[in-house]
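For reference, chains read A, B, C, D and E in written order, and residue numbers begin at 1 within each chain.
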Amino acid sequence: MWRALRPGERNLRAWQLVVLVLLLAGWQLASRNEQTAFFIGEPVQVAGRVWSWFLPWSLPPNALFPDGLPGNADIYIHLGVTLLETVLAFGIGTLLGLGLGLWLALAPTASAILDPYIKAANSMPRVILAPIFALWFGLGIWSKVALAVTLVFFIVFFNVYQGVREVSPVILANARMLGANHRQLLRTVYLPSATSWVFSSLHTSVGLAFVGAVVGEYLGSARGVGYLILQAEGTFDVNTVFAGIVVLTAFALALDGLVGRIEARLMTWQPRQGETEKL
Amino acid sequence: MWRALRPGERNLRAWQLVVLVLLLAGWQLASRNEQTAFFIGEPVQVAGRVWSWFLPWSLPPNALFPDGLPGNADIYIHLGVTLLETVLAFGIGTLLGLGLGLWLALAPTASAILDPYIKAANSMPRVILAPIFALWFGLGIWSKVALAVTLVFFIVFFNVYQGVREVSPVILANARMLGANHRQLLRTVYLPSATSWVFSSLHTSVGLAFVGAVVGEYLGSARGVGYLILQAEGTFDVNTVFAGIVVLTAFALALDGLVGRIEARLMTWQPRQGETEKL
Amino acid sequence: MQAPAALELNGITVTFRAREGGGRYTAVADTTLRIAPGEFVSVVGPTGCGKSTLLNIGAGLLAPSAGEVRVFGEPLAGINARAGYMFQAEALMPWRSALDNVMVGLQYRGVPQAQAREQAQAWLARVGLADFGDRYPHQMSGGMRKRAALAQVLALDPDIILMDEPFSALDIQTRQLMENEVLDLWAAKRKAVLFITHDLDEAIAMSDRVVVLSAGPATHPIGEFSIDLPRPRDVAEVRGQPRFVELHSQIWGVLREEVLKGYAQQLKKAA
Amino acid sequence: MQAPAALELNGITVTFRAREGGGRYTAVADTTLRIAPGEFVSVVGPTGCGKSTLLNIGAGLLAPSAGEVRVFGEPLAGINARAGYMFQAEALMPWRSALDNVMVGLQYRGVPQAQAREQAQAWLARVGLADFGDRYPHQMSGGMRKRAALAQVLALDPDIILMDEPFSALDIQTRQLMENEVLDLWAAKRKAVLFITHDLDEAIAMSDRVVVLSAGPATHPIGEFSIDLPRPRDVAEVRGQPRFVELHSQIWGVLREEVLKGYAQQLKKAA
Amino acid sequence: QGRIEKPRIALAVGGKAAFYYLPLTISEQLGYFKAEGLDVEISDLAGGSRALQALVGGSADVVSGAFEHTINMQAKNQFIEAFVLEGRAPQIAMGVSTKTMGSYRTLKDLKGKKIGVSAPGSSTNMVANLVLSRGGLKASDVSFVGVGTGAGALSALRSGQIDAICNTDPVMTMLEQKGDVKIISDTRTLKGTQEVFGGPMPAACLYTHADFVKNNPNTCQALANAIVHGLKWLQTAGPSDIIKTVPENYLLGDRGLYLASFNKVREAIAIDGLMPEEGPRTALKALASFEPSVKPDKIDLSRTYTNEFARRAKEKFKA
């Protein structure tokens, strides 16, 4: 009995669902307290809001939603903007981080000189930079992309930098003896060897790309999920705030899943446990 | 001639100084434009503000400061609060990240179940959570610490998690054959092997701990450097804003230097290049 | 009733999933091997046949696809706690100096620090590394690393010793010194030893029994030879004895054929 | 005028900074070694004496503390581009399959993909791994990895071949096959070969000259022996020749003494 | 009326849902901007100062924000001009917590207490300063805590982390309704404004660079027209009209509350978009007392606003 229920590969999804249900139940319970509900909303209302955002079908008034549930299907433009910003920021930040990380890891003098400046840049509160980005990039999507890039970039950068320096010296020496030039070393030794470092940073930065885009919108924009959240906060509509967070989270997970897939494909060479086959 | 000037280990500091001077000069030049100055301030004024914050000696009116320069020496309480928050957040976030990262890396089932939830948590926009932290932890330092912890934690977590999984299988098998129990494996194999991963994440998170603390203060507080910055923003005093950033950055670099020292000490075992001695 | 074997591999089969979706590779097929307490068994066989795989099974690091492992009569689940295993690959912790590496097993056992250090230092001296205790692995030569690994395993005084080509990176002279060291230890404490080597001289000089494995895939023992040379032996001297030469040519005959068979298969396929 | 040596180490001294602040360790002291084009030179010496260090110097991977390296008459700065180096440690890229590992050098040279693949496959077959091209290094046995590394180096057809104990992980039979493979290649293309081994038989059977190094620290050559056995040789057969046995005992005499001296030093210090 | 020079207008506002900017929302919702031939994109930012920054940075053409900003910016040599007024009182109220300051009697009791303001340095902070100065207290006698204008402000007061609060609506009405605060000063009414500022205090307005006004008179006229049109509509609108016009999600999920708040601030909404004669001077006085960098003798108030557009708009919508 217990063995069948025991978490394992088989019933993984089931267990994840259990955790989800527990979380939702806890949330619902906590929201029974009026004051708390004021901050964390109610899951049912949040679900209702998500419904109205995505679906064009209205529901008549019922027990859960005394006012009924309009089916506005009006989130798509906001969501589209936010996703676009996120994906752009993720892509640009990753490329910049990779590029600069590789360059500095392979150019010890440049890295020694620039080191304090990069660390200084990383410790700047980004929120304060938002107006400057607005100045440079306008109030459109690019200022949000810039803000999110500043989050993604550093995470990727530091990991790539470290990853490259962790390359096995023997493998590196071997490749050099085999006649690899600088570019080839990069492609066949540094990059593959740093892959697991890069992916570790990508997992963190997927989330932060969303955070950056939303915070950017939150600080000033005309559309986007962050805009919806800001509007809702201004009107004490905490359910909408959380609906926004829920929607974003779902998309963040989807993007992360994509990253995970690419990772799994690139990392087939790694030894895994249990490669013997049970007969 | 050129050889003496060429960047190298010897004249590293000098070159860093050159970069600094160039940056400052660029800043000063850019701030000649009134409109730009509104956003980026003027380095000289910023320096003056830093002087007033730290030093008790006033300067009489002069060419650079037509109004003179008061010596208030009044930043210490704010700085103390912010540093305390940062260090607490850095410490707590790192410990949590290490602990949970180690645990999940070594408990594959738990990690598989919790995986989406951790990623979801990472992609929540922290700024929006600030009011909730204020509710839970009050408006004192702890709500800021909490905010900064949410930034530090995930970065450390993801790197520890990956670092532990990258342990060489042979070394792991060897330690197990030598009779290491779970705790000993952790201490003698997983942790040392993940050290470079951990430190890579610490370099990123030093900066983010500051960011978190300042943003926390920025969203509601009675003192701290973030409070000063916010106050200055309200009155469009951009020089003070940048003075705040400069001060924070200096301290972030100092903290990072400390981390670097510990790292260097723990990583003596790593092969370095050029271990032969030139006679 | 016979005393239970120290290590008993019963009908072991090991099949690897070769790659994603792809086929399988059966490295070892239906192999049975018993090592009595106090017995010294050597395993020889063509390269890539499955010797290390067998040792991994005996150490409990790899679960067999079929078959059963028993340690002193008990079925083995998980790591074989009574065995010490000297790996073929390099397994020293790069973040610990030679001395610390030798100490680590003792520390796991809870031996007090000072005592552990003393024992480790003594073991380092026995393998000729007394002066090199403070070197990190990357600062040692290949042979020095091997010897440090040997000291690491032997310092723990395990009941079963598994060794995978322990001396292949050593020069002949050092090798003989090490061989004698191991033989002395074995003679004094009567361990069960499972020893993999490519050097037939070494196998014969040291063992009570030599097992010859067939070429892969589906490796299995194809010959077992009892080595009835008198003990104690000195590995350098024993090679001169006529019985040694006789055993050598017997085993060599079996082995040579096997290797050539495997290689011919390869070449044929390649052609 | 003599033709310039293919590889020339002139008065090489290598001193390692032992550790933080701590003392130094002079591994190699004032060693001079010349390898003519087309010459096959073996280096033997006690373990840890500095053989790999010398090879690293010749490959340009390590800068000597004093002395000079010349390649075909040119002073060497940086990597020795005309040399192929088979490392003592494992140096295959774990993220590439065996075939891809053998191909990688050809790809660096800009050989077209299809052709590189074909050549690499041919080399894999020559080292008996035709069927194992799609294995990743962790899926191969120790000996298979060594052979793949050999194929990787030889596929590039370098002018100078540096090999650090290439065959120590192979069984005798495979080893002889590989030795003959290398000798054939060498005979056909007249490479300069610098070959490190612990197996004196191997050294004598293959080389034109055997250099014996002293025990460390401050290793330097203490004997050089011209091997005047007729070519072409078959490594298995040559061992039976009386001249072989004679050379063997000559070199062995020098070597044995050196190893014992080094070891005795160690033991004395430890006591 | 001439051709509109710049029909596409980027308008920035900090916290659009607030009552402070209700006229803007009304004009937008009723399509008055479109009616004037304008295509206005309203960007909502996290605070009035960010909206101003957007203007200075060039990413916004026009801002709906507090009039003081024009003075502030002149002190920094940037000439910004208000051209139509939306609010004639700052709509900021100050109250003391009934929980921690039940025994409050005079302003002196606030000495050493924690006062919540929306953000340090903001207009709520300024109002609090002015109120305190009437009780003879200096800013350094209390400590100001930034609590924002959202849910955080409510919980900070209710949980007793601050002893008094100076904030805008709907926060103040919400606290008032639940009996959490006792209002001690109220600039939502004209009378309260007079008390605190010593004169009429202009609040929200549309402002932009003086150059922009000069170069785009027709555009500014169209904007002023739209706002004044909205103001006119508000004069006569009943509660149900408001509820119907304002976007659903602005209604705080509680129409009763929204209307209660609306009634509180109704008086503060401008009537005709004209800047009162005394207004700029009041603002300058208040600002100078709060911020040493603003030197009253250096400010040319006539360059901070123009009534030209509002006057014409008023004529247009007289009917």
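The criterion applied here is as follows: contacts are C-beta pairs under 8 Å (C-beta built on N, C-alpha and C of every residue); 3 or more make two chains touch, one makes a residue touch a chain.
The UniProt protein names, listed by chain, are A, B = ABC transporter permease; C, D = ABC transporter ATP-binding protein.
What you see is a predicted model, and the numbers here were worked out from it, not measured in a lab.
Trainee: Give the chains in contact with both subunit A and subunit C, ordered by label.
Mentor: B, D
Trainee: Using only Cα atoms to place each chain's centre, name the chain farthest from subunit C.
Mentor: With centres defined by C-alpha atoms, farthest from subunit C sits E.
Trainee: Using Cα averages as centroids, what's the distance between subunit A and subunit D in whole Å?
Mentor: The mean C-alpha positions of subunit A and subunit D differ by 50 Å.
Trainee: Can you work out the whole-Å distance between the CA centroids of subunit A and subunit B?
Mentor: 20
Trainee: Counting only Cα atoms for the centres, state how far subunit D is from subunit E in Å.
Mentor: Once rounded, the distance between the two centres reads 83 Å.
Trainee: Pull out every residue in subunit B that's touching 2 or more other chains.
Mentor: 39, 131, 135, 169, 218, 233, 271, 275, in rising order.
Trainee: Two or more other chains in contact with one residue: find those residues in subunit E.
Mentor: Expected reply: 53, 56-58, 150-151, 155.
Trainee: Which residues does subunit C have that touch at least 2 chains other than itself?
Mentor: In subunit C, residues 16, 19, 89-90, 138-139 touch at least two other chains, as defined above.
Trainee: In the complex of these two chains, what residues of subunit C are touching subunit B?
Mentor: Within the complex, subunit C contacts subunit B at residues 59, 61, 79-81, 83-85, 87, 89-97, 104-105, 107-109, 136, 138-139, 152-153, 156.
Trainee: In their shared complex, at which residues does subunit B touch subunit A?
Mentor: 7-9, 12, 15-16, 19, 23, 36, 39-40, 109-110, 112-114, 116-117, 119-120, 122-128, 131-132, 135, 154-155, 158-159, 161-163, 166, 169, 196-197, 199-201, 203-204, 206-208, 210-211, 214-215, 218, 226, 229, 233, 241, 245, 248-249, 252-253, 256, 271
Trainee: Considering the complex alone, what residue numbers of subunit D touch subunit C?
Mentor: So the residues of subunit D touching subunit C come out as 16, 18-19, 22, 44-52, 88-90, 124-125, 128-131, 134-135, 139-144, 147, 165, 168-175, 177, 198-200, 255-256, 259-260, 262-263, 266-267, 269-271.
Trainee: Enumerate the contact residues on subunit B facing subunit C in the complex.
Mentor: On the subunit B side, the touching residues are 170-171, 173-181, 184, 188-189, 192-193, 195, 269-271, 275.
Trainee: Would you tell me which residues of subunit E are touching subunit B in their complex?
Mentor: 49, 52-53, 56-58, 72-73, 76-78, 114, 119-122, 125, 143-148, 150-152, 155-156, 159, 161-162, 291, 293
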